[in-house]
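Here come two complexes built around chain A, the first alongside chain B, the second alongside chain C.
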Partner chain A sequence: MDALMQFLLSGMTVGAVYALVALGFTIIYNASDVVNFAQGEFVMLGGMTTVFAHAAGLPLPLAAVIAIALTALVGVALNKLAIEPARGAPVVSLIIITIGASIFIRGAAQLVFDKQLHRFPSFSGDEPIRLLGAAILPQSLWVVGGAFAVFFGLWAFFTKTLTGKAVLATANNRLAAQLVGINTGWVMTLSFSLSAAIGALAGVLVTPITLVAYDVGVGLALKGFAAAMLGGMGNPKGALVGGILLGLLEAMTAGYLSSQYKDAVAFIVILAVLFAMPQGLFGAKHTERV
Partner chain B sequence: MKSNLKWIQLAIVFVLIIALPAFFPSGYYYRVGALIFVNALSVVGLVILIGYAGQISLGHAGFAGIGAYACALGPDYVGLHPAFSVILGAVVSAGMAALIGKPILRLKGYYLAVATLGFGILVSMVLTNERALTGGPDGTAVAKLGLRSWLKDAGIKLSSGEFWYLVCGAVLLIGVWIALNLFHSATGRAMRALHGSEVAARTVGIDVAQVKLQAFVISAVYASVAGSLLALQNKFITPDVAGFMHSIEMVTMAVLGGVNSVLGATLGAAILTLLPQVLTIFAEYEQLVMGLVMILVMIFLPKGLLPSIAARLRGRGE
Partner chain C sequence: MLTVEKLHSAYGRIEVLHGIDLQVKSGEIVTVVGANGAGKTTLLKCLSGTQPVTSGQIDFRGEVITAVPAFKRLERGLAQSPEGRQIFTNLSVEENLRLGAFLFSDDRVDADMQDAFTMFPILKEKRNLMAGGLSGGQQQMLAIARALMGRPHCLLLDEPSMGLAPLLVAQIFEVVESLKARDVTVLLVEQNAFGALKIADRGYVMETGQVTMSGPASELIADPRIREAYLGI
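Moving on to the complex of A and B:
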């Protein structure tokens, strides 16, 4: 029983990170119909920049804010320099562009930073909290809390603010949004910076637990993508639930079946979801228009 | 006219394979050449899948992995000669492709990309984790083909580099020939029709699911044979051959050169195989340059290098 509780808690922590990556995917997918394979690189940039800013003598909160702001800029640059010029290109081209961007960012990070594993201190110490017979790191609470805060923040943004509704309108129909006076170019900039900032935040929150290196992005992007698929592409609620579900499944597999095949869970889940219900848990049904 | 074009393309590949060694400064380049041919072979398979039928796969390295490990394990566990292990790998790959292709190919665009990606990663995970069978992440040795010593006895002396250059070149030539034939066949036309519009293809009586599956299985066999050739010539193989990055590399080669053109895809394979060789001097910049090339080509030459160059040469044609 204690073991189960322990697996649940660690699954929640990992799942919250996947949820944050998946939320980032969702925002860009909604705004531009692009699946951004460089999403994991935002997480890496958030973690790495914080590490180096902190090592340069800046206080941790300031270093984190700088990292998130810089990553948001990278997100905007990605849109302006790589995705916007290829608007209307086939899916294969867009996949290669974002994968190319992810390789490029990784290569740049390896030059600007280094190839070592890094961490910085946890926000609230490393003393585990006992909870129902299991132990949880205070940092895990930050990660899970962060995921839920971002989710509710996004929910409020998209339903309560005019800007959020403009983003949704653009996602729905770019031309129509333009016609009613929405600056869709600006909406794209906003979406990419928001998505990158969320990724960077995930990196900042999770680095004290999992450490960060220039190449952690690929794995995270694929897992986050699996989570987004599981929940249904383009649906924030799906991203959150999918992320946490995936984290829990992984923790259970590692605990009860095989830790070697823990990483396989995400891909088995993807295949199972796609076979059984291609729209995911919360996705809308689509029909091809002729 | 059309079939003239086929023979011209075949002749170009043939002449290149025969003539290139004249420019090789050292024996090492035979190895690079053989590697280009192997990559080109799997990329020609992707041309059939992506270029003809319009379906994407980010998991074809999985089939290369199956082909490679068939050659590594076949002789040890089943007692097959390495040459027959290539066929075993191709059969297993085809069977696997048929099995997973049925449900997967109903999906489109990103969903298909991710499903195939998942398949490829699962294959590489099995190859990495089943240490007892595959030797795990450190890889495993592959038996000798034995053809070279047999040739030696027959009086033909070739260095290992020269031998594999010729074998891979010959297999590539056969692969190109089959792909070009397929292009003009009824099946090839059906593939191209569903690429244009699935609904329209179905309306004129094409069994869309069946044709997609054919393209998937054929391209899987190409990747598998390429994997086998890689394993046999290196006499050693690691699970990286089935890895995610290898799948991406394959698709990038295809799209870089021109995914609708067999010749273009071969060019793409050559460029991306040579790039890391050229960049060894700037090893730290390799990823940076690779990523940049992928982005720039997709933005400025969306149809790929060869078709874009051809269009330019033809003036404002196309």
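Moving on to the complex of A and C:
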């Protein structure tokens, strides 16, 4: 029983990180139908930049804010330099461009930063909190709280604000969006910066637990992608539930089977979703009339 | 209201508009009729800014708008209900209408929406449904209503009758005619020349990228060449 509780708690923590990555996918997907495989690099940049800014003597909160802002700028640059020039290309080409961008960002990070593993101190100390016979790090609560905060923020953004609806409208029909007066170029800039900022926030929150290095992005992008697919691409609720489910599945597999199979879970999930329910748990069923 | 001078436009190296001259005066319903492929839709796309102009000039309410990007033309009062309706299929009917008034956030938005529901009661009934699930006729109504939510001075309508049952076609034309009473100037592009000329004040006939005839709609509808070529009489 204690072991189960422990697996649940660590699964929640990891799942919250996947959820944050999946939420980042959601925004860009909603605005452009593109799955941005550089999303994991945003997490890495958030963590790495905070590490180096903090090491340079800045207080941790300031370093984190700077890291998130800089990563948002990288997101905007990705859109302006790589996605926008290819406007009109098929979505698959754009997705491949994001894979290229992720390789580039990883390479650049290796040069600008270094190849070491880094961490910075936890926000609220490292004293584990006892909970129903299991232990949880205070930092885990930050991660889970962050995921829920971002989820509620995005949910309100897409359902309650006109700007959020403008993002959805741009993805659905760019031409019609322009005709109702939406500056679709600006919507894309907004989406990429928001998405990158959320990725960076994930990096900031999770680095004290999992550490960060220049190459942590690939794995996170794949896990986040699996989570988004499981929940239903484009739906913030799906991203949150998919992320946490995937984290729990991983923790259970590692605990009860073997930690060697842990990483296989994400891929089994992708395959299962694609075979059984390609729209995911909360994905929109396509009922379009033409 | 709207003056087009020597407008040329091309898809790649193939020119499809070879110098169009056209004028729409305030309060008029003007129609552009012609066969499929005559360049009518391209002309409207140039006017709404979604198709590049190679040369020529578009004047709207005393200003040259040839180089104004598409999303800024509605601000100036020029709206388009595009070919193929182009509604936001994954948003609700009400959200589509709200986005039509994207530029506004005042009290009039709600009043305008009630107005749209009065004009098209079926949209009120289906306000919470995804727009993609509407029938073709309902989607067309939504497209027109959404364009009107942007409070246009001039509405560009592209083939509103396309693919609709005759009864619905009559209803759509009735709505277009009623826009006059709302001080909305209309430029209507139609293959259904008879229906369009019946409600229009003036008409232009387009053939292979050129205006071949123009004049009062009542004269065009009586012209033997038009009757033969477009009205099937």
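Here is the rule we go by: the second predicted complex is superposed on the first by the 284 of 290 C-alpha atoms of A that agree within 3 Å, B and C clash if a C-alpha of one lies under 4 Å from a C-alpha of the other, contacts with A are read in each partner's own complex, and residues count from 1 in each chain.
Here, contacts are C-beta pairs under 8 Å (C-beta built on N, C-alpha and C of every residue); 3 or more make two chains touch, one makes a residue touch a chain.
Since we're looking at a predicted model, the values are computed, not measured.
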- Who does A:253 touch here: chain B (first), chain C (second), both, or neither? neither
- Item | Partner chain in contact with A:175 - chain B first, chain C second, else both or neither | second
- Which chain, chain B or chain C, is in touch with more residues of chain A? B
- For A:191, select first, second, both or neither according to whether it touches chain B, chain C, the two together, or no partner. neither
- First, second, both or neither for A:207, with chain B first and chain C second: neither
- Message: For A:264, using the defined touch cut-off, is the partner it touches chain B, chain C, both, or neither? Pick first, second, both or neither.
- Response: first
- Looking at the overlay, what does A:35 touch: chain B (first), chain C (second), both, or neither? first
- Query: Once the two structures are fitted together, what part of chain A is touched by chain B and by chain C alike?
  - Reply: 288
- Query: Inside the complex, what are the residues of chain A that reach chain C?
  - Reply: 162, 165-166, 168-169, 172-173, 175-184, 284, 287-289
- Query: Once bound in the complex, which stretches of chain A touch chain B?
  - Reply: 35, 81-82, 85-86, 89-97, 99-108, 110-111, 218, 222, 225-226, 229, 233, 260-261, 263-264, 266-268, 270-271, 274-275, 278, 288, 290
- In the complex, chain C residues that touch chain A: 48-50, 69-72, 74-75, 79-80, 82, 86-91, 95, 98-100, 102-103, 105, 130, 132-136, 139, 146-147, 149-150
- Note on the structure: Seen from chain B, its contact residues with chain A in the complex are 50, 56, 58, 103-104, 106-107, 109-111, 113-115, 117-119, 121-122, 125, 129, 197-199, 244, 248, 251-252, 255, 259, 284-295, 298-299, 302
